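You will see chain A twice below: alongside chain B first, and alongside chain C after that.
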Partner chain A sequence: MDNSRANLLEEAIGIGIGKGGRVVVVEDCVETSGAFVLHHFLKRFLHPDSSDVVIFIAFAHPFSHYERILRKMGCNLTVHRKNHRFVFLDMLTLECPERNGREAREDGLLALYGEIEKAVEIYSSLEGSRTITIMIDDISLIEVAANGSSNHMLDFLHYCYTLKAKYGCSFVTLNHEDIYSSANTLQLILQTEYLADVIIKAEPLATGLASDVHGQLTVLNKGSVSEFGGSSSKVRNFHFRVKENNVDYFYPGSQT
Partner chain B sequence: MAETISRALRDGAFEGEHAPALTIKDTINTPFGSFVFNHILTQLTSNILAGKSQARGVVLVALSRPPSFYVELLKSKGFDVTSSSKWLRVLDCYSDPLGWKSKLMERGTVRNPYEETILKTSLCKNLKELDKALSSIIELGKEIVEEGNGRFAVAIDSVSEILRHSSPPSVARILSHLRSHDQVSCIFCLLHVDLHEAKVAATLEYLSTMHADVEPIVQRTNGQRNTSEDLPMVEQCFKRGKFHVRFKRRNGRVKVMREELYVEGSGIKFTEVSSADGLTAQGLVPKVQFNLELSEKEKLDRAKVVLPFEHQGTGKPIQIYDGRKSLNESETEEKQASVDKPQTPEDSGRGEIIYFRDSDDEMPDSDEDPDDDLDI
Partner chain C sequence: MASSRPRGSSFSRNISSAATSQVPGVKLGPNGTSFLSSGISDLDQILGGGFTLGSLVMIMEDPEAPHHMLLLRNFMSQGLIHKQPLLYASPEKDPRGFLGTLPSPMASKEEKSHERPAEQDANLRIAWQYKKYFGEQNSEVQRGGKAEYCNDFDLRKPLERHYYSGQRVDCISLRDSSNLAPLLERCSTFSAQISKSDGNITCAGRIAIQSLCSPQCDFSNKEWDMLSFIRSLKGMVRSSGAVAVISFPPSLVSPTFLKRWQHLADTLISVKAIPDEDKELAKLLTGYQDMLGLLSIHKVARINTQVPAILEATTFSMKLRKRRALVLECLNQAPVDGSSGSSYGTSGSCSGSSKTGNLDF
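Our next item is the complex of A and B:
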């Protein structure tokens, strides 16, 4: 696939047009993992032509995991880390023990937010125009880290999103839709959807498994009033095929 | 109808009554609630600036959007934001609702986390203490009106956000307190209904005099969140919605009005329901190989077809024999017919049945068998 050309996914999101200040939520399910979308964006943002910075908050996997995947895609995370374009916050070890009950739990996320904001403050003070993107893999594990308090998780997300107003940060987050499928917890995923500008859903094909199509992506682009002076919401749906070192996106039936 | 709302908010509270309150409700399927909120906010602002409204200014409680968003919004609508301190105060509950940023600043982790804006804002650092928030709203309002008697409007951009931090009863208490405050002219707020239980929405409805529902144009039948199956419908729902407003009068009468709303350019537009219904229906009909619709010409042609039993007397009054024609009438007709006959020889080929009923007493076409009494 030609790297310089925007593919269907980027077209649907409009990454080229709206630089900065957008919240993208990727929702996947057990049958179809959406992690490849994160990898795709990671590679896009760390493109050698730009000077964008990515702050990656990993609850799910260690650094070596992402490094291996991205290397196959032709992007060396270790080098980017040295060049201060990639900040990796390993949260696998983050635990918010219940020493003092609520206080301690909130404190863990507060400290994490402090680290993020500090990094954002440093990078935005450097000269040159750059977009800082904050990626979280994944949101449901924040809840686990906060000992199941969804409200703390939402507080944390709210604070992260406040960075959008001052620094123009973008966000890409991954969440699992099916773990919120009962009526009581559905509100949680709705909360994150209300806060999002773009929602990307990764689902299996309605017709079942296929060898050459691995699933479908539905992109709901709510548009952003503040930046474009108008809302141009779009809904797109296309299929994808995850290959060894890249992903093909195509409209249903267009692949021979 | 949106004008009716704006008018009600503009006119404000009557002496000895609570201030009018509007609740805007939306769901994730049609997330236009914030568009409606912004529309009403700008309408009210222009009324205030024109001196038409009872309120002298607005206290905006910003929970889901940063103050800078509202600066952009007001600028894009052509308001002079630099002089906004006369008519606008913002209670900023967005930037630091839990005091995390000030804690981090004390610890020295970050230097200056707050965003600067040209609006006159006041920061709320603990949203959990609603009483403090309430008193700061009233303080900000008093700043606008300055001397004693003026009134101000209160706009809350997301009640859902407050409800995440506090219980519904305490939110209800704050809202009713604001409504009954004698310097509040009107209140309007936005609620994302699907984030809360039904009773929360009901509570807020009791507290408001108007509620505006933004609903999807077509209700999705399955109630599922599976979007990939009905994409066209999802797309429709992202562009337009139904707008239902209920006004509650003082005497208890309820008036319901319906409109449709479109997202257009930088705002929304309201239209009558009937005008575009057909278009929607057409758009939703699945694409089929054969033609289900008629063209204009085909419609005209269809209208011209005369049905088999329809009388074809071109222009003449239609007469269908019902067996009740009186004797006099038929006599005059007969005379006419005899006069006409020589002049229209081509009519001579026509057959004619002339029948005189014996009397009007006789039932025409009676069901009785006339030979009933025969004894053979």
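Our next item is the complex of A and C:
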């Protein structure tokens, strides 16, 4: 998309992603941030040729952060916001504390879900064919906001996934894989991975970080139904280098 | 990114140090961010200018040595000298007493007279240690403006009382209450005072929290509470013109939570003491005797940008220059001992450099 050379990430994800009803999970770790994949998707969904809508639920950064990054990539979020193509829900300070008992905790996330559903309803009732994508940055902070109740978090996610069936929404979520490395916390990431169609993992290189290779991406595409009817999951692995205005993807050793 | 300033070497980070904003002690950085000095000029340089305003800095302590205190002290002192409001929280009974141990800035005259003889020796410097000396040159460049962005601190001389007797210094003991609510409240009132008005910072503030999960605090076993406190603090700091530095002992946090804490940190630093008599390490590194400890940088704040910061080196040695000023140096591997038989190392470092003198490139 950015250059004539085929973008490896786009290729690995497949073209079906824009059609709706797909769930993409991005996983990263402390050493390598996977946030750039979210920015990539944001830019892609808000492409001027399409009329897709993005509902962005930000737990990690304020609007100004994303705005500045996307502006450098040639996508003005403020304008998209005005044109009702971009909905930004700032959840930086969302707290669902335990103070008022169990109910209150649920209320915070329930209210958030209500907001999302309302937005989806409004946009899907408008004319024209458009896909609504819900992006969450990042899931692990929902758990913190829910004060450690992973059940509430999972409930919230399942609620959101129901929108997929009803309105054909797509999902792109970011999560941190290394948090869930111990056995008793593994369940959560397994659940989100199970529900995903595409899993993108950002990892550092085993040899450490270098200035021209920032890490590697492993893309597992589960739902790639081929023309011949067979459904096969594909794994792709390539390196990336993040730049201000785009990201270079290349196979190991192919960069000169 | 282009700066007219002559650079030390083609490998050094390109820091736009010329840009200084109206607010004292705040330097403008790339992507609409601003920097606060950490109080250690070397650390500022490594981080590309200092701590980013609105970021959360976390320092992983060494369980055996109080090296994190050195970082906290310099950070707090620097803020007090710039007359920035300060909030300090610690598990001690009397946190205000800690302010008496803060280091005082060195007089710049005295500093320069110390600096001179070193400059004259420049011709005698040995090539493999060249990296050590870039720091000195660059710190000289920074000195020049009237109000210094980063002072050099004399760790042996306590800060004069009038700096911290003002009203803008707030201290709180983590032992006072059984939960984090009071601390959070203090932090929110603190950051509300210095909040940005339409993106313009009128005043920068510093929050220093020492040993957040130390066992003296009643809440040290409430991991979710601490986590949500850190998250709330991060949110507050981000929307205000402040930098929060939290130090914590990583061994007391369970592994999954440690990862969560690390993800929440914008800038992540760890300090480590080095054992006194580690002969193997002493053989490997030059200047081992003068080293206080090692400082590693795991993460650098990336606000308003998606490009990761790739540092030249992530581990640095902490040393005391003239037993008073804290400096950070790249680790230098000791040259291979000539008598040990491997001639490659010696020819590479000594004769190699003399040869290039003859051949003019």
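Everything below uses one rule, namely that the second predicted complex is superposed on the first by the 238 of 256 C-alpha atoms of A that agree within 3 Å, B and C clash if a C-alpha of one lies under 4 Å from a C-alpha of the other, contacts with A are read in each partner's own complex, and residues count from 1 in each chain.
We take it that contacts are C-beta pairs under 8 Å (C-beta built on N, C-alpha and C of every residue); 3 or more make two chains touch, one makes a residue touch a chain.
Just so you know, these numbers come straight off a predicted model, no measurement behind them.
Superposition of the two complexes onto chain A shows chain B and chain C fitting side by side, with no clash.
Contacts of A:51 after superposition: neither chain B nor chain C is touched. By the touch criterion defined above, A:220 lies against chain B but remains apart from chain C after alignment on the C-alpha atoms of chain A.
With both structures placed on the common chain, the touch criterion links A:145 to chain C but leaves chain B unconnected. In the superposition on chain A, A:237 contacts chain B only, with no contact to chain C.
Applying the stated contact rule after C-alpha superposition, one finds that A:190 touches chain B and leaves chain C untouched. Shared-chain residue A:78: touches no atom of chain B or chain C. By the touch criterion defined above, A:255 reaches neither chain B nor chain C. Once both structures are overlaid on their shared chain A, chain B and chain C have a minimum Cα-Cα separation of 16 Å. Contact residues on chain A toward chain C in their complex (touch as defined above): 30-33, 35-36, 39, 61-62, 64-65, 68-69, 92-93, 95, 97, 140-141, 144-145, 147-148, 176, 178-182, 185, 209-211, 214, 242-244.
The residues of chain C lying in touch with chain A in their complex are 31-32, 199, 223-225, 227-228, 231-232, 235-236, 238-239, 255-256, 259-260, 262-263, 268, 298-299, 302-308, 310.
Against chain B, in their complex, chain A makes its touches with residues 110, 113-115, 117-118, 121, 151, 154-155, 158-159, 162, 164-166, 177, 186-187, 190-191, 193-194, 201, 203, 206, 216, 218, 220, 222, 225-226, 229-231, 233-235, 237. Of all residues in chain B, only 28, 31, 35, 38, 66, 68-69, 72-73, 76, 94-98, 100-101, 103-104, 107, 109-111, 113-115, 160, 164, 192, 194-196, 225-229, 231, 234-235, 238-239, 263-266 touch chain A in the complex they form.
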